Amino acid sequence: MILCTKTFGFSAAHRLHSEALSEEDNRVVFGKCNNPHGHGHNYTLEVTIRGEVDPRSGQLVNARLLETVVQQEVIERFDHKHLNEEVPEFRGVNPTGENIAKVIWDLLKPRLGECLVKVGVWETPKSLFEYAEEE
Amino acid sequence: MILCTKTFGFSAAHRLHSEALSEEDNRVVFGKCNNPHGHGHNYTLEVTIRGEVDPRSGQLVNARLLETVVQQEVIERFDHKHLNEEVPEFRGVNPTGENIAKVIWDLLKPRLGECLVKVGVWETPKSLFEYAEEE
Amino acid sequence: MILCTKTFGFSAAHRLHSEALSEEDNRVVFGKCNNPHGHGHNYTLEVTIRGEVDPRSGQLVNARLLETVVQQEVIERFDHKHLNEEVPEFRGVNPTGENIAKVIWDLLKPRLGECLVKVGVWETPKSLFEYAEEE
Amino acid sequence: MILCTKTFGFSAAHRLHSEALSEEDNRVVFGKCNNPHGHGHNYTLEVTIRGEVDPRSGQLVNARLLETVVQQEVIERFDHKHLNEEVPEFRGVNPTGENIAKVIWDLLKPRLGECLVKVGVWETPKSLFEYAEEE
Amino acid sequence: MILCTKTFGFSAAHRLHSEALSEEDNRVVFGKCNNPHGHGHNYTLEVTIRGEVDPRSGQLVNARLLETVVQQEVIERFDHKHLNEEVPEFRGVNPTGENIAKVIWDLLKPRLGECLVKVGVWETPKSLFEYAEEE
Amino acid sequence: MILCTKTFGFSAAHRLHSEALSEEDNRVVFGKCNNPHGHGHNYTLEVTIRGEVDPRSGQLVNARLLETVVQQEVIERFDHKHLNEEVPEFRGVNPTGENIAKVIWDLLKPRLGECLVKVGVWETPKSLFEYAEEE
């Protein structure tokens, strides 16, 4: 089995705040991440695909597509944006690391199909969130 | 499936030495790592959990607990210590990377339960030891 | 001569926008960094001091003070904040990497005095801004 | 289950070019990587093994063997070489990241047997190729 | 004083070989780096400029120019090339780290003038070569 | 001016303790670093030299010597040792980052002479100590 992982970066602002929680609970649960003006991160994104190696090229069939798709579906949408304010996918969805990984999976899945294996999001160099669907 | 990995650091001294081996065998098997005065490392610890995303918070149920538990159970016990001399978990247990990963798993398991997925220990930037239980 | 450099991290949102420029010029000069909702970064801060090594301790006189001062004057002020909206030092000061380095210098100088040598700010892993005063 | 991963580096030149494709198709498929004079990389190799922990030593049975075997079978063969011109394993095999991972697996498998779990090749800090055999 | 450093990457092949030395001396002096087919690296380039901060923008006057100039003068010329064979600046100039740093300085100086402070070239993560002109 | 910096690693144990201070003062000044059993680090060492580029080789005259000298004078002496107990240079010298940098300078100076520019010691990825002699 061959896996190919490419890494990407985007810089974005966000605020952790859930409409399902009271103002007070938001402050308790999210602490300084609930600050109303938001804060930001240099996110690092890792996308892993698998597939057949084309015997003529020696490359995974979708390896080139991977970079184009992530660029179009994620980087252009998220980079230098405020996730809560400007990215429609986070309307009503709290932009936690967990949800960012899930939203990116949902954006890539229709384009990459079965070959998509895993989406990893580093919010800081100390926190990684990974989303995959169990088989 | 959502996984969350947090990384931590601790600095400790250790000596590779097994009571089950002769002095001579200890020297042959562990080489300079058997030096009687010990040496040390900046260990990097990666702990991975999985779980349900709480629909209200958008976070893994145990994500916050993870940092507290690792701090209490591992960092406070191991950081700035001599593992062989001061950490009771290594009494009679050679503090190899393999055993350090296993000891950390055993310290975290009672607190994190089913959501604990993997413990990874980088002894140096070139050596990683990972412990998980097969399902 | 002995120099000691400590590194720190903070996550913040900002927007590049100058009141001295027209809306149109702001867009041309700052491109996507001028996006009205802001975006964010994991900043890495490097602060360098010099000084006498205390012969009794073998440490720079101010080495311990350095961490406390940066924590109090910079990290508590900037971390998980929107620089333009919440940090008074950037009122009327565009939070570019250049100005962030200068503002941090001005915050640390009264506390660290002559021993302060250089302030470095990594906005991303590809962009470093350094501020020092020429002697 | 205990896994041990060691990392290694080698610097090599290569050219992406497939004899199964026309000159024109080679240029289209591989772009600047098809440049006839070749180019090069600092490859980072990650090899993962599993196994029994020897209760006397506290180490994986093959942990020491791993470094020797990778040194002999991979680093000595690939380091400071032009993969297409000088490494017989790439005769008729396009040295893509995918094929390099597969070739390294095939070189290590006879020496490491069942304990070999995964071979990972970073061609650049943004592109990882991993090879494993499904069980 | 404000300094701004931007980092860039390029992948290239090279061979260390001096026409001023005999074949035998080339082998002795450069060892495996003299291998006739060449080898390669992922070079990391750091370019440092200084200058006035424009009070309207809060940015170094040449900060934007820096990226364009390095892209045009260095990356397009060197990336995915064989330095000895395809880059005219290395005709008769051995592409050691020392000479690569000097050649890059000479390519950037006419475009960046007085504001150019230093060129740093990492050949591997363990070897840095820096070129600057003494004042 | 050409500078060449090479990086090296060594793993060692140490204890911060000064004979010029009382037991109580040692505990206050050095905190957990004063723990009697010691602790340890993966130190990263950066040594910078300058010099003439040999026009025949295109390399700094002492570039090759640098690696040999650091290996012999520092790595063999310090790696996998307890600095306080086994390295005579620290007899009566507290092995702080500041003193380690100074001791390494003193070990390298007789071998590298005028071309030695700077010694940098990373005790952890967050603490750098640099020693140079002012001209």
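Odds and ends about this structure:
Read from first to last, the chains carry the letters A, B, C, D, E and F; within each, the first residue is number 1.
Please note the rule applied: contacts are C-beta pairs under 8 Å (C-beta built on N, C-alpha and C of every residue); 3 or more make two chains touch, one makes a residue touch a chain.
It should be emphasised that the depicted structure is a prediction, and the values quoted were computed from it without experimental measurement.
Considering the contact criterion stated above, the chains in touch with chain A and with chain D alike are B. Ranked by how far their CA centres sit from the centre of chain A, the chains are topped by F.
In this structure chain A contacts its sequence twin chain C using mostly the same residue numbers, the overlap exceeding half. Checking E-F, A-D or A-C against D-E, more than half of the residue-numbered contact pairs recur only at A-C.
Copies chain B and chain C of the same sequence differ in orientation by 180 degrees, per CA superposition (steps of 5).
Among the remaining chains, C is positioned farthest from chain D, on the basis of C-alpha centroids. Per-chain Cα centroids separate chain A from chain B by 29 Å.
Averaged C-alpha coordinates give centres for chain C and chain D that are 42 Å from one another.
Contacts with at least two other chains are made by residues 125 of chain A. Chain pairs that touch one another: A-B, A-C, A-D, B-D, B-F, C-E, C-F, D-E, E-F. Within the complex formed with chain E, the chain D residues making contact are 9, 11-14, 32-33, 35, 37-42, 79-82, 85-86, 124-125.
If you check the complex, the residues on chain D that touch chain B are 1-8, 53, 55-60, 63. Of all residues in chain B, those touching chain D in their complex are 16, 18, 20-21, 29-30, 93-99, 101-102, 125-134.
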